[in-house]
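Each in structure tokens, the structures are laid out below.
Shared chain: subunit A. Partners: subunit B in the first complex, subunit C in the second.
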Partner chain A sequence: MEFAATVVILTCTYALLAAGVVILYKAARVVNFAHGELAIVGGYVFYSASVLGSDSLWLAIAGALVFSIIMGVTIYMSMLRRLVGEPLHVTILITIGIGIVLKSAILIIWRAERLTIDVGVAPALRLSGGASLSYMDLASVAVTVLFFLALYLFLTFTRMGIQFRGTAENALLASQRGVNVDFVLALAWIIAVIAASLSGVFFGSRAFLSTESVTIGLAGLIAALVGGLDSLRGAVAGAFIVAGTQYLTVRLIDPVLSETVPFLLLLLVMSIRPWGLFGTLEELDRV
Partner chain B sequence: MRRPTLPTSAAVLIACAFSSDQVNAQNSYVIGYITDLSGPLADSYTPTWEGFELFIKSLNDRGGVNGKKVDVVLDDDGLKADRAVAAAKKEAERENVIGIFGLSLSSTQAPVFVEMRKAGVPVVTTFSGILDALPPSKPFSYSTGVVFEVAGEAIGELLPKIKPNGKVVGMTFDSVGGRAAISHNKRMAESLGYSWDEVLFPVTTSDFTPYAQAAVEKKPDIVVGHYGSGQNLGVIPALRRSGYAGPYVVASYGVTEDTVRQAAQRAGNDPNVYYVTRYSTVYDNTPAVMEVAAAQKKYGTSKPFSSMHITGWVLGKFVEQALTACGWPCSREKLDQSIQHVKVDASGLTGGPIEMSPQDHYGPSFWRLYQWNETARRMEPKSDWLKKTGLKFPVQ
Partner chain C sequence: MSRNPYTLRTSYLEGNEVLRRPYQKVLVGLILAVALVVPTAASTYFVHLLDLCLLSAIGALGLMLLTGYCGQISLGHAAFLAVGAYTTVILNTHVGAPFTIVVPAAALFGGLLGFIVGLPSLRFRGVYLAISTLAMHYAIIFLATKYQAEFGPSATAGMTIPDPSFGSFVLSGDRPWYYFLLAVVTLTTVGCMNLVRTRPGRAWMAIRDRDIAAQALGINLARYKLLAFVISSMLASISGSLLAYFSNVVTVEKYTLDLAIVYLAMIIVGGMGSILGALLGAIFITLLPFGIDALFGYLPRSWRFGSTLFGVQAGAVGICIIFFLLFEPKGLAEIWCRLETYFERWPFRYRPLDTARR
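Coming up: the complex of A and B.
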């Protein structure tokens, strides 16, 4: 029970991260290496907004949401917009640069302090063996399910969602058909940063926020690559595989190897099925 | 007469400023300080630097040493060994410092010690330390900090104050320092009749739940954490979430009182959190601690007042005494000689004096166990100061 609960909660954190990576790749052909930094800075903003609002949960949520929107729009409009159509490695370098800037922001604004998000950390559910899950743990599962459901409904049933998919398929053609590509791509960035911030908040409530914590972005990236860079379904599957593998390594093999095994898994998947478990071969060819 | 052009004026100004610096350098003791101010452990190392800076500021306000001010050249190593070595070389060659103090993680210390031995510059580390300072001590290598092996033994020796027997589970991250601390903790605990088990995790770990569950599965009576602030913030609540409600010992490797408070609070206002430290906590109302607190109020710090400030302050006292004995002018060789005979009165800041000798560049160290009292919201001492001289168990 404890095993299942931990894996599910870890899966949710990684799935949100992986979803952001997938959305950006699908819509803008950008592999975002700053996703961990965006997640942790989102967590820091949530913390600061909560402190400013005297532990107000709603203010903290609003703060993180406003941050995600501003950050998504700013990144796209100020940097990535000019790079549409440029080779993949150019955008990768830009996202690495964004990551460095965000890490510096943690140093300058929060003085690299290790912080924990203490909202909703009280035990909400007792498991057998004395273990417990907090309200935030339960919220992370509920929010992740709602996020993916909302994304599915948005992409499948709304006009904007269809435009989004059209842009992802062929931005030039979509533009010629009257789709506001800039708006769609900025929206993709906003959704991706919201997903990252959510994972940062849940992560900060279970572990801690610091400059070192940005490495969770790697877990999200591995999950996205294992599942397939263009598949939201793959993001969930990849997150589950990474979380499960990490957990089983800790418990059954050697805890010290838990960070290495997901990379070995990635190498294995990449050597057998380079486009990921749920990705499409066509997508890989385009890269 | 031709009016000087702008570039000429600028050149004159720069020359004046430079010559004024030179004069200043000749009229003051110039020492170096290297630490991590921007890397992953800046949160822990910054207050130690601030405590040192507080002491030097108050020392200079009192007239300095032997009538000369003490100037500190500060460099940030970002927790990287190559940057630490580059900073040490720069300080030794360009700034002409007579000694280097501080330093960050143990992994950055070894190469700095090696390079400065070649340059004949004494190096005194604080906060963390490596074996070079312990007997048989290597030349120019000193420490007033926490040598992991010594800390491991001290914690082992203090365990009976928590529980007289049972199973101890040590947790640490997979690093040289962590392994050193845990191996000596284990040997001391086993020699006292405890059984031992351990859980190691990767240095980059941030979510500790699986590791905490692995520790709980070993059915511990006491859990000891050998790592820094962040890990404690993650591990303590993870242990409690995993069903472990027993004693948890925080080894003070840069862990501030505020971190312990925060971790105990996250774990549901947990009174079962202990803290072992080489230097006093801010809750010790000794006159010496009050003096540091007053300096902190006067000069200000960016980080909340903590035992890390006290650690840096003690190093400042160490510098004052070494320079006083060195006299004026003070060369690197003379400073090295005077450091070997330093005996700093650190009453109220730790359990006894900081004392060096030509054979022992670490000297006796004192360790104390505290317990977090949630009602009083402070740490209460649970033992007297434990004196450690060298290592009981040889390094393997």
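Coming up: the complex of A and C.
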């Protein structure tokens, strides 16, 4: 039971991260190596906002939301917009650069303190086998499900969602048909950063926030690649597989290996199905 | 040293000349002369910094061949430095091998592992390749952590290495190391320069620009990609081994993903696809944290916090990456080319066509 609970919650954290990576790749053909940093900084902002707002949950949520929107728009408008049409490795390198800057922001602003977000960590539900779920854990599952549901509805039924998918398919054609591509791509960044911040908050409440915990971004990236870089369904499946293997590695083999084994799993998937479990085959050449 | 794109060339052979103009020969001679004289005048601290620059220049040259010339992004460069360092540790503590055997052995072992890490490049490109090198990084670092936990004085303390000796001469102290490293870097630079203007380098550039077209031209993709990985990891491994001897201590905490990114920053700042760029970038990025440290000395005391300094030092590397990618994508080497062209043509903006040949 404890196994199931831990894996499900870890899956939620990774699935949100992987969803952000997938959205950015689909919309803007950017592979974001700064996702973990965005997530952890989001978590820190949530924490600080809740401290400043005298433990008000709503203020914390608002703070993290405002941060995500500003961050997403800034990154897109000041950097990635200038790099449209550049080779993929340039965008990889620039996101690595963004990651370093964000990490140093953690050092400067929060003095690299190890923080745990303690909003609603009281056990809410006791499971058989001594495991218990806190309110935050339940919230993380609920929020993840809601996030994916909302994203599905947005992409399928709204006018904006159709424009979004059009841009993902062919940005040039979309802009010629009157879609505001800049707006769509900025929106993609906003959604991705919001998802990242959410996962940062969940991770920070279950474990801790520090400069080391930015490696969850790599786990999210691996989850996206295992599931297929252009598939949202794949993001969830990949997140589940990565979370499961990581948990089993820590439990059965060696905690030090928990960062390595997902990579080995990814190498295995890549040598058999390079386009991932749910990805599309013809996408691969563009990578 | 780097091929100036603004110079008119009228034959293919001209494109292959290293030092085209007489003043370039004088300049290189001058730089070497200054490099030889500097340690006699400078403080020990400054010579120490120069040693660090030279050490990272070897690794940066290796990464430049792989990423700048062959176009294969590698996030596993720190792992190869670790391979060199740990080969040195193992051969020293268990076999007691001398310096003259350890360094070639480190190069050999690094090359072998480079071959293995390069194998995925035959199948993957771009992100997938970057991720697979990242996987290798974590695998190698895991082995190094296990080794240190097993044989080290404790799980966290580093392993010590004695100063290298040739017969009765012991290489220690910053000044002797400086001359030794200067010789190594000069040799490596000349070697790399010749490598990139002969067949392998031309094949790498063709692969970087378009691999399918390169294959159509008859370039054996597998062979040249693997060659790039092997040579790059050999250089990194040599650099790691020398660094281990230089600092006399090896800890696994040093070889993080951040270190690999610092090396990427060196070649971005220096300028992709330029040997001169690798050297300039290595010097720039190595001196950057020390420069910031010196600047922090001027700040009021209340501003000086340990973690702020670390944060600014780390963040400066990221800002350099972003700045150069956005505004100066060809890096410091390009700035050098522009300066050179400006003075060469002064007071004109263009060189008349018929006097282009000297």
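The criterion applied here is as follows: the second predicted complex is superposed on the first by the 282 of 287 C-alpha atoms of A that agree within 3 Å, B and C clash if a C-alpha of one lies under 4 Å from a C-alpha of the other, contacts with A are read in each partner's own complex, and residues count from 1 in each chain.
Following the convention adopted for this analysis, contacts are C-beta pairs under 8 Å (C-beta built on N, C-alpha and C of every residue); 3 or more make two chains touch, one makes a residue touch a chain.
Because the structure is predicted, anything quoted here is derived from the model rather than measured.
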- Query: Looking at the overlay, what does A:E2 touch: subunit B (first), subunit C (second), both, or neither?
  - Reply: first
- Query: Touch check for A:F263: first (subunit B), second (subunit C), both, or neither?
  - Reply: second
- Query: Now for A:S213: first (subunit B), second (subunit C), both, or neither, which partner does it touch?
  - Reply: first
- Query: Taking the superposition as given, does A:L107 touch the first partner, subunit B, the second, subunit C, both, or neither?
  - Reply: both
- Message: Once chain A of both complexes is superposed, is A:A150 in touch with subunit B (first), subunit C (second), both, or neither?
- Response: neither
- Query: Of the two partner chains, subunit B (first) and subunit C (second), which one does A:L10 touch, if any: first, second, both, or neither?
  - Reply: first
- What is the contact status of A:L88 with respect to subunit B (first) and subunit C (second): first, second, both, or neither? second
- A:Q246 contacts which: subunit B (first), subunit C (second), both, neither? first
- Query: Regarding the shared-chain residue A:T116, is it in contact with subunit B (first), subunit C (second), both, or neither?
  - Reply: first
- Set of subunit A residues, in rising order, touched by both subunit B and subunit C: 107, 111-112, 256, 259-260
- Across the complex, what residues on subunit A touch subunit B? 2, 6, 9-10, 13, 107, 111-114, 116, 118, 121-123, 129-134, 203, 206-208, 210-213, 215-216, 246-247, 250-251, 255-256, 258-260
- In the complex formed with subunit C, which residues of subunit A make contact? 31, 79, 82-83, 88-90, 92-94, 96-101, 103-108, 111-112, 218, 221-222, 225, 229, 256-257, 259-260, 263-264, 266-267, 270-271, 274, 287
- Task: Under the touch definition given earlier, write down the residues of subunit C that touch subunit A in their complex.
- Result: 71, 73, 120, 123-128, 130-132, 134-135, 138-139, 142, 145-146, 258, 261, 264-265, 268, 305, 307-308, 310-315, 317-322, 325-326, 329
- Provide the residue numbers of subunit B that touch subunit A in the complex, in ascending order. 38-40, 42-43, 46, 174, 199-202, 204-211, 213-214, 229-230, 233-234, 237-238, 241-245, 259, 262, 265-266, 268, 302-303
